[in-house]
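Take a look at these structures.
Each of the two complexes below includes chain A, the first together with chain B, the second together with chain C.
On to the complex of A and B.
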């Protein structure tokens, strides 16, 4: 009896009043996430996920289910959606041909717009606008390239700056985690 | 004559110069002409995190730069290979291409859909071939037992590479290694990701993945890992070093494939293959080559 009682004590119960019934449609409306409609929660994605294997809280299956339940805030504010190592195992093995890799990118894009992007990615985008690559110019490698007779790298890329500004991605602000 | 636009990416030309040096040497050896395009930028792989549209635009910009010169692209990084190949697939759709080209017009570029992207290992495998490589080998590498590591984006998304490789049972790197005379081992965690793309957000998780693979090599008499991506390299080399500060149990040398091939072809290990730039000394490997 105690055991049953323990099972019934839910750790983080889903509160229906907090669900957003439109969330699923909003996600699936994006062409990259359309496949999610075919997901039947078999869990093959999580079974083959290397990050899930070392950190069970990160679970593609669970995230897919949360989207379908309408748990908008929990999904978009979750730090876990950014943990994907982009190995593509989930989409490669999915029996329903859902590309969870792409679904996750759609979720990350939505989360970024709502102010949940990790600073690492925001900084990289800022950097790319400046040097065309994700790193700042460093004397150290300029010198090493010279020593090895490798061609110098162009450090200024106005064309890239122009197209990045067209997409507005440079305006995304990093997440501020409240204490 | 094989001729490609060399796509260096972000990390190789700044942090893993030995990969660039060895790749240029190997290509020159086999008569593969590499053209440097100074206007190439980041492939867009990481920008997809914040905006799928931005990532695609950046990839398309690079593809257009190569196409204008009538060149296909040779990549060194697995992730650039995957990102550009995926962009090519997406841009096969005319509506998507038109949308992207409307933005590219602002920087006077257009992508018509005629570029192919090949990773350097694929170029060696398909354009040169393992038989030709075997015939060129000058030094005896048969004393080396090495662990191949493919890199996720060399194999996936499947749709972009299925005519070339099987993601769950890849063979090309094994064959390329065998062609040099070295012995590629079989091991359980072959398909395990290096964690490089999770690293900027969670170092701990990425370290767990690195450790898992390195643990798999314990007691397997592995002389080195052979990779074909500089991000995987940084994870298994520099991050191995970091993990080992605490455990000091691995000390496993890491090579990029063009370095292994260069050794077999009798290239100068320091000047032509950059082996002096490694965080984990490859001396153990050099001692086993005759």
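On to the complex of A and C.
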């Protein structure tokens, strides 16, 4: 039976044992995400989301509902929680004052702690530790800065390093996606 | 009976109610009993499962008789709820109502109470309250009963359907009714609705019997163009000052023939009756079925008042009714009770910038749509879009604009679902059957009698429903069409619809001037700015001021059937207070001797 299911890609319905009743409380315990409890799924967030428009799998409304239902594993392992472009459209138009951008930040922190951080994000962090800049430095940047007589970029950032060590960001392991 | 320390024999009994588990579950009753027993002049204590029950009252009466009690304190629930019960219980065996007191210890113990505290605090609070009440009871004196005559007349503020109903009800009962309306005509918002759900009756037609009868009723003094400016006194004897703006037209002479309107050279946008979609003259009669059907001059736009010349209306009027020298009148009234029926206004959706109202001319409100559909409206019943006068081929109605919204109004406006369905039916069945009508909603709420059937009918005649709240509306510069983005929850697809006309179902908000009137009347407003009732379930039309009653959408958003029910209820409350011809003044107004 399982074999057939696999071949046909049949899905099992979500069972109650998969739902974590504490997940919602954990998320809304964070002051920034408290508003999520009031969400009534009107869909204004998804309708105005520029990412959702081109990439329908990412849906703020759907993620918000999944959190409220307690779908911990599905939400935290979802690659979509990292897709937000931080335009804040959803937040500005939400009739129930849910700050979905903040909810996502809470979810991302939880996901990172549980080993679901995307490898690209981990690489970015390393880059920041090294140069203080998110993007890798390029040859022409350095030339341009010399031309404009701007100070050269520092290689060592002891304070930043300290912050990163204290927050434990450097210890976050990238997710291992199964093939 | 024991003699107390200072020699007085007030003989106080304290009864503590368990209220089932409501009190007993949150406070230590035996500890309270012990504490009360130790208080000065307390000679009897007992607890009771339900003090208000017949059995509980007999226990209290027996204790009064057997232990020779003279004064009684019941520690139970809100005095507003049950004080009268226990006063009557005491009165039956000869205890004066002044010597019976009820104190609320339940608010600290009961589930659902906003004041609930933990068991320790509940006990401390209850002890303190019982101690204070015993002290106060020892000092109490009999309060003389003072009665005053009441004025058998009522002031009704607001001439909408609720105000009319209350006025007619009381006038038929024989009271003199003064009906004050801010605008030059009565009928209120209902007169502008064209048709009303769930019967699809013609609104002015079913309203006309009320407006017409109000106009000629011998017991009703109709004061249009008037506002209340001062209120003093108390139940039975309020004195009210009403200021009446001049019409500049003699009501007795004007026949409503409309010649003056025809000849008036000044055209202005009609914001009140055509909701900004039509024009009227500087002298005007609001609409065909207006009552009273008398012309009125708008001094802001009249050439004579602005520039000092014209007076064409005066020359043309066949009955010489125009009188530019009319002065504002101040009218003093003496009334026994006041009914507030000041209704609602439509929420101004320009604050919801994402929907573009005010920027895009083809985005209008449901009230404006009602005027466009009305045979007596600015387009004589033709549905034409404001930008170019074309008939729309596709329409979207957006629900919950400014309702259920933390950034506008938190409450559900309760009528928008139904009037959207109504307008969708009118468009599909009467006006433009080939036009596609979509209603974009979060939830459809059709809870009244016959309302769900009305919703079903709307689905059956081909109105489409989109389950989602739109994020934004953008105008196509050339065609003036509107592009709307909404996700339908049922199919989880983002829809981008280009439509001809968008209608916003806006919230109902308290009418302009509500706050000012509340200050004049010293009546409370609720968190949303509507008039606040004493109790949302049990005393829905009474206010914190005895003798002032509220009805209709002044109390909260509601439809016509509910407004009528409340108007009748308010009239009944006023009648119960006034019909005896005299009232007993409340304790706090009587000087103790």
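Note that in this section the second predicted complex is superposed on the first by the 160 of 179 C-alpha atoms of A that agree within 3 Å, B and C clash if a C-alpha of one lies under 4 Å from a C-alpha of the other, contacts with A are read in each partner's own complex, and residues count from 1 in each chain.
Just so we're on the same page, a contact is a pair of C-beta atoms (placed from the backbone, for glycine too) under 8 Å apart; a residue touches a chain by one contact, two chains touch by 3 or more.
What you see is a predicted model; the values in this text were computed from it and never measured.
Colleague: Using the touch definition from the top, say if A:141 reaches chain B (first), chain C (second), both or neither.
Modeller: Touch status of A:141: first partner only.
Colleague: Pick one for A:124: touches chain B only (first), chain C only (second), both, or neither.
Modeller: first
Colleague: Check whether A:84 is in contact with chain B, with chain C, with both or with neither, and answer first, second, both or neither.
Modeller: Only chain B is touched by A:84; chain C is not.
Colleague: Specify the partner with more touching residues on chain A, choosing between chain B and chain C.
Modeller: On the superposition, B touches more of the residues of chain A.
Colleague: Given the touch rule stated above, what does A:97 touch, chain B (first), chain C (second), both, or neither?
Modeller: second
Colleague: With both complexes overlaid on chain A, does A:164 touch chain B (first), chain C (second), both or neither?
Modeller: Touch status of A:164: first partner only.
Colleague: Take the contacts of chain A with chain B and those with chain C, and give the residues found in both.
Modeller: 89
Colleague: What residues on chain C touch chain A, complex-wise?
Modeller: The touching residues are 354, 400, 404-408, 442-443, 467-472, 485-489, 492-494.
Colleague: State the interface residues of chain A toward chain B in the complex, per the touch definition above.
Modeller: These residues of chain A touch chain B: 32, 50-51, 54-55, 79, 82-89, 91-92, 99, 101-102, 105-106, 108-109, 112, 117-118, 120-122, 124-125, 128, 132-135, 138, 141, 144-145, 148, 150-151, 153-154, 157, 159-160, 162-164, 166-167, 169, 172.
Colleague: What residues on chain B touch chain A, complex-wise?
Modeller: For chain B paired with chain A, touching residues are 8-11, 13-15, 17, 20-21, 24, 36, 38-42, 45-54, 57-58, 61, 79, 82, 103-104, 106-107, 109, 152-153, 156-158, 167-168, 191-198, 200-202, 205-206, 208-209, 212, 274.
Colleague: Would you pull the chain A residues touching chain C in the complex into a rising list?
Modeller: Touch residues, chain A against chain C: 38, 40-49, 52-53, 56, 59, 61-62, 89, 93, 95-97.
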